[in-house]
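One chain, chain A, appears in both complexes that follow, with chain B as partner in the first and chain C in the second.
Presenting the complex of A and B:
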């Protein structure tokens, strides 16, 4: 009975959760702010008030879309990876190395090479927890969390020592990447960079991969019912490793796009937990690529709203955390969604009689 | 230079003091993680719980002028949030991992929110004259040359942490509650069918983990540093999760695991403070994480062999 009505109920439930989470945020603002209505309007309206802010929303959404995709792929195969953060660092690091240290060549060849290096870096780093999970059944939550620290500390070591830019002025970062390789602005004068195009392409590719290819089918089947998939002749272990590698590649892509679009070079600790935000995006989107796109734009809008609110009122931007937490909890509350579906099923039966 | 400093600290036993101090929050948080893990409700929200407790503890402690009130308030906050976790995961059927994840975001953001709303600070809050968790000086023993340095002069919370290991041993393996806890963790439906109130046990397991995480957090703000810094736990809650697995899910193993992690961070601190050290501090900081992954692989291989040799 997976019909358009079931989809409608699901989307309706998610929207209701979003509204409830926003209301929770408003209540906190009403209780703690001396100018609550200024704060709320700064939160909701200011992000859309200028092209600069809209550009910032797009820029913030780019890494969120990519990490959201990364996690939606791996969640669909039933692996609860929290490793996007580490894979993002390794991908960005390897990509930045390729951008800075490869011999001079035409940017038309160099740029794709950089992207491929980032994808490979993330994928290979993702392979470690994938293999540990698939062949040794090691708890992927703990291994990915540990590997995040390994990735962050290793890259931090290199940018503090061998690869530190002499012109960095005390900051731990690599040499600046050549201007030819950086992502240009979409429109001159607007803040948004071309990463959003890469992100949208990634959404389409992941959609096709997950829903139109056999590997995507196998991946989803393993996530839904591993025993059945194995009984049906699917090499479940291989599928798990592949899904974690795809996820790692997407996280690596998020890292290099962030480096090429925003920072201009690899900096120590440049990702303010983008990999973890990706988990929220994937949950909101119910692991669907198109949902990821929408959820990431919404999430970026709230983040920019929190900043404009901090700027335009007496509320700190951390209020957005309350909205985020309630979003995560309400959207994943299976009890509520089961209840909605049961209500619907019951009323449906009555209609038949 | 580094080796001399480390050797010097080993010889004059100051390394032991540093080690115990750094081990304590990891140990307490891991014991909390252990109890919830055994009860089948993996609590990955330890990090957020610790932050909330750390903030509450120093805020209440400095405003009342009493460290004990501060610590109790911190623990109470942490337990309260754990009950909230129980509500969302057991009643609203949110995946327990996601619940813990949400608590981590909440703890990190909400403490900064409170800090800026209450004190107008965004980075750290260090009240002047905040009371500290007292140091235990044992009479007579403190004057004995080696023994004095080994046993005396540690924070009260170090002793509480060590006693907590014994307490957890007792609670898990020697009480009816412990039997119920383990059976609910192993097979919740079987336990339920025998009349064990599985949900209530899981609520209580979360509450215990909240209490221990609360002690750990309170020690970080009121004992280790006497201030609150945003995100001051810096991954200790995640380390604690690793220690639970590294210690093979028993309190003594967890004590050993915490010692390894404490030692690594003590060495990293020494290396960081010595100029021009030949060993990069990042690699020493990495030891616990790599050891944990190695231990997971080791346990997994052992389990596999055990399964293979079963008749």
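Presenting the complex of A and C:
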């Protein structure tokens, strides 16, 4: 709920960061490529050149949207969780177990059950740092980063030992999940799977939750001003735990959708830092669900662009990494800047008599 | 007297379009005490920031000692012999008094002046202290000295830097009546030694007491410059507000009813774990206002927090309507019709980055009347906020305006609106008008008395003794976590009398305070 002018400034700032990051990428291309304009056009235009590429963009955006949402929820409650990566693994792991080992039943019952298991797995794993933060005042950055290792290495242990598929051909992964449970393509022949529908629904649900319900009101209030929330009788500790659990559930959903949509089963190290990319998405989006949708699509676009550029020119895909890193720098610098401005405005206000 | 400073037609428009100064003229004579008065947002602070080089004026000229000057920063202003004592002390608590005074400009000695010359430092500070009679122990750490002395350190700091023109920004806001008298003695001593003082305040009584001339600002313009001996409080306030102002709170005698709140032997710790309340006992009846006087930091904050459920008590009991408040949560207490205007509206009283509407629905967002299925009914919220803003005269664009964009007075009206809208049976108002302009003070005081007359029990905690005396029917004085006096607010009760209790010089027998 901001004035249109403030919103305009904010969006303008983010766009400026995006454009600057792109320009930095172009400069690198201009300096190193023998065919810079081919490379740039391959980066910017080729992702839209085929339905296959568009489908890939959507597929890459799906987990980013979900982890971005996960982090935007905790960030709004003032908790700086880094735990989406671990929660994603636990969610995917528990969901995959439910998909593979539950007795045979109709997919109409089985599929929702798998999703619920993933949501619960992520939420309960998220609850650990939430409780530690709320009741023991443990720093959530430290605990969530540590718990990421616990999640990744524990699941890795199981898929390397007890749960390893015999047919895996040496890869550490579980048995394949039944075809009935995998996410279908949206249109036959297109690369995009139905995960994008789940992601868009999640955006709508999170938006309603954060801005239209009592829980969202409490959550945002705790993040904006914990003193005020406590003064108003809001159980701030419970709210913090709930927010980390919601975040964990969304991260878990990201994990299971990735498993059901792309990999077909739980594989060791399948995420490759989707949970951390979610942090950047949430920062870019200024924690707004609709912003998350746009930011994730953009981020996926650049990743696909990097691939098409690698095919279509002499530039390696790592240029995309440069653009991403520049984005992180610029966006977090902006966030810090706003923070300082706010602090300054607040202290200034007190001095005005 | 020759003219020392002349600010002509000063304009200041901030980048966001706020016009803080819209043509201010200020002429200060050498050796005078010049009071600068005006409501919040009248442009006093901006004007002084411009003078001190912290802000550049959009238009206008400054002539100092007959020459046109432009300051690029406070450094330039200090070099020219100006000094500013800020309202919020800018001292390093862990350093000693003399270290604070010389900080940033220490006497040096040795090769390349690499070493501090402590002997010279002590000598110079000692000299300053004795010249101006600003008594303070220069070896003491700043954190261990009382507020009045901290202020002296601030003044010594600017004198050390050679200030001839000293700007005092609301210097008495944190002082007891006795400390204020001492400050005024120091100011007079400074003037007799050839210094010039600009005194910013909103306390008109002090203006009349100390100043030679007065410049009144209103809405960014200088309205008038008056000779103190030719004017009176009524005229100044009329000029400040632009209309007649009631100084006294109009109220009929209280009609106390049954006891609403009773506190027995209450003990509590402060944030550092030290005993902040040492067995406090009192009661408030419906239909009366109990004032809590005391220098800030003598247990008032803890007392209010314990009653409202924000802090745990270590001993004693708090009964409200025959219910044990110590066992209730903050949310439960709020639902029991206890209204609480917290002392710091910026941190506890409001969420500055939320809209006015979001601030107003703090007690209602779970109320089924405000819901539509699982969702908050935006229409209802809007309607409610609109009515509240109208009733309590909150001036803002609309209910979606960020609370942080409001002036102090308007923000406080939002807080008061929220707390009064639930028709409290017990209203606890901490510093209800701190930093609020005169118009809003009048309004808030009237609302508080209205609740009292409606039968509510009211507890007013304020650092402004005049406010406690204006509102209360009975007054208790807190000193070092204890109630040292219980006084009936009769017309012959004086601020001086309360001041003795506040400083711990006088103390009633414990029986008398019950």
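Convention: the second predicted complex is superposed on the first by the 331 of 353 C-alpha atoms of A that agree within 3 Å, B and C clash if a C-alpha of one lies under 4 Å from a C-alpha of the other, contacts with A are read in each partner's own complex, and residues count from 1 in each chain.
Following the convention adopted for this analysis, a contact is a pair of C-beta atoms (placed from the backbone, for glycine too) under 8 Å apart; a residue touches a chain by one contact, two chains touch by 3 or more.
These numbers were taken from a predicted model, which means no experiment stands behind them.
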Checklist entry - In the superposed arrangement, which partner chain does A:104 touch: chain B (first), chain C (second), both, or neither? => result neither
Checklist entry - Looking at the overlay, what does A:230 touch: chain B (first), chain C (second), both, or neither? => result second
Next on the checklist: I'd like to know which partner A:272 touches here: chain B for first, chain C for second, both or neither.
Outcome noted: neither
Item to check | Partner chain(s) touched by A:332 [first = chain B, second = chain C, both, neither] | outcome: first
Next on the checklist: Under the stated touch criterion, which partner chain does A:31 make contact with: chain B (first), chain C (second), both, or neither?
Outcome noted: neither
Checklist entry - When the two structures are laid over each other on chain A, which of chain B and chain C touches more residues of chain A? => result B
Checklist entry - When the two structures are overlaid on chain A, which partner does A:147 contact: first (chain B), second (chain C), both, or neither? => result first
Next on the checklist: So in the superposed three-chain picture, is A:221 touching just chain B, just chain C, both, or none of them (first/second/both/neither)?
Outcome noted: second
Item to check | Partner chain in contact with A:161 - chain B first, chain C second, else both or neither | outcome: first
Checklist entry - Once bound in the complex, which stretches of chain A touch chain C? => result 1-3, 208, 212-214, 217-218, 220-221, 224-225, 227-235, 342, 345-346, 349-353
Checklist entry - Which chain A residues qualify as touching chain B in the complex? => result 32, 80, 82, 132, 136-139, 141-143, 145-147, 149-150, 153-154, 156-157, 160-161, 276, 279-280, 283, 316, 318-322, 324-325, 328-329, 332-336, 338
Next on the checklist: Quick check on the complex: what are the chain B residues that touch chain A?
Outcome noted: 42, 44, 88, 91-95, 97-99, 101-103, 105-106, 108-110, 112-113, 116-117, 122, 235, 238, 241-242, 245, 280, 282-283, 285-286, 289-290, 292-293, 296-297, 300-301, 303-304
Item to check | Sites on chain C touched by chain A in the complex | outcome: 40-41, 44-45, 86-88, 169-170, 200, 202, 308-310, 329-335, 340, 342, 346-355, 357-358, 361-363, 365-366, 371, 374-376, 378, 400-402, 404, 408, 435
